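Two complexes, one shared chain (chain A), two partners (chain B, chain C).
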Partner chain A sequence: MMGYIAIIAARFRALLQYRAAALGGLFTQTFFGLVRIMILRAFYAAATVAAPMSLPRVVSYVWLGQATLLLIPWRTDEDVAEQIRTGNVVYELTRPLDLYGVWFARSLAWRTAPVFLRMLPMFVVAMVIVPLVAPGWELAPPASAAAFVMWVACFAGAVLISAALTALMNVTLMWTLTGDGVPMLVATCATMFGGLVIPLPLFPEWAKPVLYALPFAGMLDLPSRVFSGDIAATSAPWVLAHQLAWTLVLVALGRWLLSRGVRRLVVQGG
Partner chain B sequence: MDTLVLYIRYLAISLRAQLAYRATFAMKTIGHLLVTGIEFFGIWALFARFRTLGGWQLHEVALLYGMVDVAFSLADGFGRGFERLGRLLKAGDFDRMLLRPRSIVLQLLGYELQLMRIGRFAQGIIVLGWASTFIAWTPATAGLAVVSILATACLFLGIVVLQATSTFWTIETLEVWNAFTYGGNYAAQYPMSIYQRWFQRFFTAVIPLVLASYYPARAILGRDELTVLHVLAPLAGFAFLAAMLGVFRLGLRHHASTGS
Partner chain C sequence: MQIVVQDLAKTFRIAERAPGMFGAVRGLVRRRHRDVAALAGVSFSLAPGELVGYIGPNGAGKSTTIKVLAGILIPDGGRVEVDGRVPWRHRIEHVRRIGVVFGQRTQLWWDLPVIESLEMLRHIYKVPPDRFRTQRDELIELLALADFLDKPVRQLSLGQRMRADLAASLVHAPSILFLDEPTIGLDAVSKLAVRAFVKRLNRERGVTVILTTHDMDDIEALCERVIVIGDGTILSDGTLADLRKRVTRERWLTIDVADGSADTVADADASVIRRDGERVCLAFDPEIVSPAALIQRVTSRHAVRDLFVENPPIETVIARLYQR
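This part shows the complex of A and B:
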């Protein structure tokens, strides 16, 4: 266990170095946030029927999505990809650590440190600066203290799903090698079905039960709605159950695929 | 002539290289088709719920979306060399390119034709085709649509060239530029009239997306009477690319290599 914790800590520290990149990202995230809000405000202004989520909540939802954007597994781990391409992955197998465990630990750090770097300044922008310039466009504070506490828990759950998905994507590299295809499919599904582009509550009613059940909802949509109070704090344990169940499924799938991949592996001496 | 032959050879090599990994290529292309297809599904979902957007109907927004998306996929496909300039600089590959007796712009344009962008291109064409069935096309508006798409493609390419120019100073490609490339593409998929004034002004005067795609689209949809202004407006897209190539040449003078 100590080995995995050491990996997480080392990766976490390494990833926290990219502070300038985070600042540049902040500009882009704010820009996209503003465009999304302008589009949704225009739709709301023309609405003749009541929407299932109020405009202030939708605006908060957009900002939370922008803040926790990097929870989405955009890419596979480059170091792991390199190991698989060069064959150095066999050295990893000689270590007294479980390979899947190592990859999961790395993913866990990768899905936390960059998110923290971007989330905190994004919160400052969306909660403090935006209301000064454009009142009504801001990220509202959490619905209640309970909502905030549950959001923190759900955020942790979102990290788990995301890390499990990243580890699974790493495993698929054993088959695809160049490996840009799978991440692209996953990232697409995650942005659209996670609610980054359009808040999930605004989708047609028939699509919602499916969208809410998918693992992608657990990354951005469900935690954001716990924060804004759209999901009551008392219902938040269900969100956590959803996240943990999907994490278990994705971990099991990743482990199974990896064991098959390792079995295929032929080590050529030399 | 020689230049054109060389360019076509560059493209042919790049295509063959990409087809070497067939499974990944297929997945990337399908992925790209899906990425963008899902995007339009999102717009459809919003219209299914709200019916209208500032007086615009889904098929009208679909025309904007299709035109901008086709243009963006073209810029994305052909501008790969500029997009990767940061990496070329870091590895010192760029210095090797400078040694060759051919224009550096040509070499960067021919660096890699990203075939998987065909996914987005195809999807844009499909949406455009669907939107077309609601439009009473005339030769004039059809010609305007083609000019507008090419102009918008040049405009996006211009942003990518500017982004590349900035890497002469920063080396690392900064994420800031995504706001203007992907962000511009995203914003221009919706009618510009729904945005705030400052936003419209920025995308008219600084990055003339409004001129290259929004005004021509209004004329094609019959929202405006087609005037000579609607035909002149998209020329701003070509002018933008020309200006950015000028900036690129200026930036090139500051290039001092990374020493690797």
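This part shows the complex of A and C:
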């Protein structure tokens, strides 16, 4: 166990070094946050029926989505991809570690360090600076202390789903040559079904049960709505259950696929 | 016996396609496969504390053997036991007790300082803190790592990296060490440092070492016993002197002439193997003509600017071994 924790810690420290990327991310994510809010505000102003989610909550939803944007597994792990491309991945097997555990540990660090780097300043911008300049465009504080606590738990759940999905994407690299296809597919699904284009509560009623059930909802949508109170703190355990269930499924799938990949590797060579 | 290898066999399947457009299209429908035997019945065994050189030309099966012994490749046939364990079947317990260095690649973390890589390995191998400290300090001293301990691995020179890799493979004090081309690409000073270290490790701690290399000097400096592999089978297993004696007693004398008479350099007791401008290479048998006598005869007939005597390179020795 200590080995995996050491891998997470080292990777986390290494990822914290990317300050310029974090700063750039802060600017672009703030900008796109403002654009998304502008569009949604226009829709709300022109709406003829009552929206399923109030405007302040939609605005908060957008900000939380922007702040935790890097929870979405946009890409596969560069180092792992390189290892698989060159065949060096077999040499990982000379360590007394479980390969899936190593990849999952790396993914955990990758899904937290960059998010923390961007999330905290984003919160300051969206909660403190934006209301001074443009009232009504800001991220509202959490609905209650309980909502905040549950949001923290759901954020952790989102990290788990995301890390499990990243690890699974890494495993698929063992079969694809260039490795661009699967990340593109996942990124597109996550953008559409994760609430980054249209917040999931604004989808038609018939689509919602499916969208809420998918793992993509567990990364940005559900935690954001726990924060704003759209999902009551008392219902948040269901969100956690959804996240843990998907994590287990994705981990099981990743492990199974990896064991097949490794078998091929150790039979056929690097 | 600490390491037992018996009738080890491994065949790789390689996809082939016929050349040209037609072949490419046909390859979409039906792939042709060719079986390549990397190992075809390799047997040897090692006692604890042995230092063995494992040599052979590229593609002979050296790395395949090392990979099987390291537990990262499953053979098709044969029996392998290391410390009573089958490497690929008990991979995690097995790799906990061995050290592996692959000269062509690093096992350190690219973006971490060397010292942090060692710390990581302490956690991964669960080395108790006090044992780790003494082990680490000793390795830092013996391998002279102190100057670049805080540098990330990507900034190290190849010689530094190899020393760091050696240290990394020994953090958990394994009793067996596999070195796959540990001196490849190193400068002379680094090569000597690596050799001295490996020798010391073997002598003082009794670590069993299997070393693959293309550098005959590595073998000469380190190994009592040499196993030669070619085309997946063992061609020779014994001391280095035995190997040379069995294959060839030949030495090479290389001469640079200064007076443009390179074309006429010849001797009754030696054969010319190469003429290249001013340079002539003569092969001779030291039991027929002593190096001193041959040099004297040649220098008396030609103006020689430079000369040196060497053993035929390993590839040549092994190539001869093949031809028999």
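In this text, the second predicted complex is superposed on the first by the 265 of 270 C-alpha atoms of A that agree within 3 Å, B and C clash if a C-alpha of one lies under 4 Å from a C-alpha of the other, contacts with A are read in each partner's own complex, and residues count from 1 in each chain.
In this text, a contact is a pair of C-beta atoms (placed from the backbone, for glycine too) under 8 Å apart; a residue touches a chain by one contact, two chains touch by 3 or more.
No experiment lies behind these values; they were computed from the predicted model shown.
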item: Touching partner for A:G24 - first (chain B), second (chain C), both, neither; value: first
item: Touched partner set for A:V90, first chain B, second chain C, both or neither; value: second
item: Chain C versus chain B, contacts on chain A by residue; value: B
item: Which of chain B and chain C A:A45 touches, first, second, both or neither; value: first
item: Partner chain(s) touched by A:T234 [first = chain B, second = chain C, both, neither]; value: neither
item: First (chain B), second (chain C), both or neither touched by A:D79; value: second
item: First (chain B), second (chain C), both or neither touched by A:G3; value: second
item: First (chain B), second (chain C), both or neither touched by A:T188; value: first
item: Of all residues in chain A, those that touch chain C in their complex; value: 2-3, 5-7, 10, 14, 79, 88, 90-91, 93-98, 266-270
item: Residue ranges of chain A in contact with chain B within the complex; value: 21, 24-25, 27-28, 31-32, 34-35, 38-39, 42-49, 51, 176-182, 184-185, 188-189, 192, 197-198, 202-204, 207
item: In the complex, chain B residues that touch chain A; value: 21, 23-24, 26-28, 30-32, 34-35, 38-39, 41-42, 45-46, 48-55, 172, 174-176, 178-179, 183, 186-187, 190, 194-196, 199
item: In the complex, chain C residues that touch chain A; value: 12-13, 38, 64, 67, 70-74, 88, 91-93, 95-96, 98, 100, 102, 105, 107, 109-112, 116, 119-120, 123-126
